[in-house]
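Take this structure first; my questions come after.
The first chain written gets the first letter, and so on, giving A, B, C and D; residue counts start at 1 in each chain.
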Amino acid sequence: MTDLIKVYKINSMTNSDLQTLISSWNSELEFSEAESQFLNITVKPEHLHELLSQLKSNTETSFDYLFCLTGMDWGTDLGVVYHLESTTHRHQLVVKVKTSDRENPTFDSVCDIWSTAEFHEMEVFDYFGIKFNNHPNLKRLFMPKDWVGYPLRKDYVDEVNMIIK
Amino acid sequence: METTFEKNSFKSEEYFINMGPQHPATHGVLRLLLTIDGEIIKNVEPDLGYIHRSIEKMCERDSYQQIVHLTDRMDYLSAHINNEAVCLAVENALGLEVPERVKVIRTIIAELTRLASHQLWWGVMGMDVGALTTYFYGFRDREMINDIFEETCGARLTMNYNIPGGLMFDIHPNFVQRTKDFVAHFKTKLPEYDTLLTGNVIFQKRTKGVGILTKEDAISFGTSGPVARASGYSCDVRKLHPYSAYDRVNFNEALFTEGDTFARYRVRIQEMWESLAIIEQLIDNIPEGDYKTATNAVIKLPKGEFYQKVETARGELGVFIVSDGKKNPYRLKFRSPGFSNLSALKKMAVGSKLGDLVAMMATLDIVVPDIDR
Amino acid sequence: MGYFSDIYNGIKTLLTGMSVTGKYFINARKEIITQEFPNNRDTLKMFDRFRGEVVMPHDENNEHRCTGCQKCELACPNGSIEIIWDRVIDEETGKKIKAIDKHIYHLSMCTMCGLCIEACPTDAIKWSQNFSNSAYDRTVLTKVLNKPGSKIMPGVKDKE
Amino acid sequence: MNIPLSITKNIHDWLFEVMSAPVATVVEKVLIAVAFLGFFALAGLLLVYMERRIAAFFQLRLGPNRVGPQGIFQTIADALKLVSKELTGTVKADQFLYKLAPYFLIVASLMALSVLPFSKELHAFDINIGVFFLIAISSIGVIGILIGGWSSNNKYALIGAMRSGLQTVSYELSVGLSILTIVVLAGSLQISEIIEAQRNGWFIIQGHIPAVIAFMIFMIAGTAETNRAPFDLVEAESELGAGFHTEYSGMNFAYFFLAEFINMFIIAAIGTILFFGGYLSPFGITESIPLLGVFWFMIKVLGLVFLMMWFRWTFPRLRVDQLLTLEWKYLLPINLFNIVLMAIIVWLGLTINF
């Protein structure tokens, strides 16, 4: 059984190798392994698309599987968390992007890199009001089309429907 | 010389069709906006949210014990596996080691859940392509599993048998015998599934070469579970990131490369055999011991981010917990398998016929509450 | 020649499929899997652990085991349980203790998760095995679990 | 109109005794019409009941068993319910066509019923082109489906109706050609003559290989003609909801529903007449009692109906292009070849006669 796991984890890069490699592309990245089981990269919004497309296209990293795309509200900052996995090397990575602009938060869409992002970004837009540039069809996905506000933001108030314990 | 023949004079007209929210083939309240030219599909646009209950928002309010029962209501056909995902995430975050007995029981029940889900899927798959009788044969076998669940967990569908730290109560004394009876029974019935439907020439014509998803697309669309494995992408979480007792059982990952509807069908039939094999390996070897480890009445996770993935009957379910050290999570995100699988539908369906769409939807095995959450 | 072998194989698979359903048709009387539900309601026995609804067992002296600690109320994810309690003077010790006035249970809001029964330190509430609890009026589903005039069993104490 | 069977002959004589000839003729025609309408309703209800019970047994269920002994009055209760229901429909439907469509369908199946011989000379209408008349009439029904689907102003209904059109146009061919194969053997189009020609062995035995092939093609094409699974694309419930009768309710829906079952009865009856000797008893065991012909006829018809139900509850549905492939690529060429084969066999006298 352990052999099988080994077969599945072939060519995997360790977190420190990944960090060395990725930091050589862009010096403005923040790396962190604290409080998480993955290597976390925090990237500035303007470098987001460039970094992510490089992460996918580079043969050493080749993160071709975006398995989770989460919208986040850190109280002051809004952001998106990308969970990436490589189907060839089987290593995993987390990329975070933040913005403090709560009125009109905007990031670049990653639909052209991973097709799955189209639906996930719609979901993030629906819940957090984060807009994505170059998204083909950005609209409310789950909430009614005329819903006011973004329900998963921490400052969202709805006295009728929400029961606070 | 300019020809007087105008292409436009023969132009066919496209029109919209609302498939759903109430439609027999959408398996719940999913609405598909179809653009159709005759019988040929030009565009598919899912319209979601008809059963949206904002489970993620509710999770931010509830304690960790209370979150578990909400996950029953997401993908209700793999309720136990969803429960397990949250419990594993909380246990890993706390650094809690659950007893061996718990791990084995969880694995057996998870595989029974997978079998029940695939049996229901098989019945409904047959019904979607027009063979109504399969539905009852699938349900006959599923009923035995539901009885096992009801006897041990107290409920047939939304069991809520897991709690962070173990199980709510020990297995029922009849559990082992009933499970063995079921395995013996189902081993005689599963070949019947093949003779009735798999081999049928009409069924094969309906499914072979329909709704092809290439490996590249499967990865790009983030598909997982049987849908991805039918396209040749090996993604079984039970193999890649073993949890519970999956590291000590011997089973094969069902893998096909055709990527069409028939391959997805065969992956699930193959998975039923593998699940039976897993149950057979474990059912005689349930170790003695406690059925749970003690946890505090109020569970507080340490500050940080925790991700746990499990393999449900539909694919990879991810639970992403962001904790700020309080008794309820700061943010909890469910990466549901059906959501990503559904996004690949457009890629598969465009250019095929209305009847094919129904077969594709059947093998995507969508559970709408899992998508809408 | 593939044309004719296609036809032959096609007809063969169709006939094997028909043999499966035909076999069940002949044995139809033996293998019926459905139940005639409302007719067998009286004889239908549910499993011991079946989660029908939450009840509070009382003994012959009309005494229950609930101390009014409200742990079930806290454990409930959807607010199905409300406890109205009061402080009364304990006859033995003379101290003021908590006692329930009403243990209100909203069956209409309950999701049968079982967390309240897990949380109860004195085993005051348990699952009953009754089923088909639907009613035409919602108010019927709001139940008071302790019987009128009931008292706490002597000797049952909160674990503080 | 000659009805020499003892009961009907007595009634005939009695009618002409008590009233003048023109009045008696009218009264007799009305009586026949009433008898057929009654039979139509009764047979429809019985077939619906039979379908539901048989489907239940295939599916390990019990089926309707509450109303009356073994639930035999269930369909009558359902019919009463349907009669009492409100007739709803779309506002923007083409009202005239919308209301006309069910009657089109039901009249077509009733007319086809009139040429069926229930026993020797228990025949309402024995014309010399009987088989031709049957084929001609049975394809009128599709017009009812087409205008029903078209006029209800519903896209699902429209798709269903269009599918029905193309399905009937193609499978009409196969039904006709497979019947023609038997006509080559019988040498007549008159139904009574076709049956009498089978006294020396039913045509499925007389014609052996080509007759068996013709029978298989007839059953496949006949199932397709009646829009039943595996060819129920017209109302494919997992694709189109209810297909062409999506917008019909109450009795209008019931007409469509009953017509489907009567059509099934007619196809099975044609199959019985052409291949299994109609009302003839096996090996002539009850030759002396003509009334038992009704019994044998019904037994054979219900046997074929059961076969069609067996198909329905076993097979998945075909896709619309596969439906056409089956007809034009497989059934039609085989059928043409089969007629030539049958002609050669009849020419060389290779038929099996007892």
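Following the convention adopted for this analysis, a residue touches a chain if its C-beta (ideal position, glycine included) is under 8 Å from a C-beta of that chain, and two chains touch if they have at least 3 such contacts.
None of these values were measured; they are calculated from a predicted model.
Listed by label, the chains that touch chain B and also chain D are C. Shared contact partners of chain A and chain B do not exist in this assembly.
Two chains share more touching C-beta pairs than any other pair, namely A-B.
In this assembly, A is the chain whose CA centroid lies farthest from the centroid of chain D. Mean C-alpha position of chain C lies 52 Å from that of chain D. Separating the centre of chain A from that of chain C, both taken as means of CA atoms, is a distance of 42 Å. Each chain gets one centre point, the mean of its Cα atoms, and the points for chain B and chain C are 26 Å apart.
With each centre defined as the average position of its C-alpha atoms, the distance from chain A to chain D rounds to 63 Å. Chain C has residues 14, 17, 20-21, 33 in contact with two or more other chains. Among the residues of chain B, those touching two or more other chains are numbered 133, 136, 140, 196-197, 200, 202. Residues of chain D found to touch two or more other chains are 58-61, 313-315.
Taken as a graph of touching chains, this assembly has some other topology, since it is neither a line, a ring, a star nor fully connected. Screening every pair of chains for touch gives A-B, B-C, B-D, C-D.
Only residues 9-10, 13-14, 16-17, 19-21, 33, 46-51, 75, 77, 111-115, 118-119, 127 of chain C touch chain B when the two sit together in their complex. The residues of chain D lying in touch with chain B in their complex are 55, 58-61, 155-156, 159, 229-230, 232-233, 236-241, 313-322. Of all residues in chain B, those touching chain A in their complex are 48-49, 52, 54, 56-57, 61, 217, 219-224, 233-235, 239-240, 242, 247-250, 302-307, 309, 316, 318, 320, 322, 331, 333, 335, 339-340, 342-344, 347, 372-373.
The touching residues of chain B, counted against chain C in their complex, run 62, 65-66, 68-70, 72-73, 133, 136, 139-140, 143, 147, 150-155, 158, 160, 163, 168-169, 172, 192, 195-197, 199-202, 297.
Put simply, chain A touches chain B in their complex at residues 1, 4-5, 8-9, 34-38, 40, 64-68, 70, 72-73, 81, 83, 87, 90, 94, 114-116, 118-120, 123, 127, 140-144, 151-152, 162-165.
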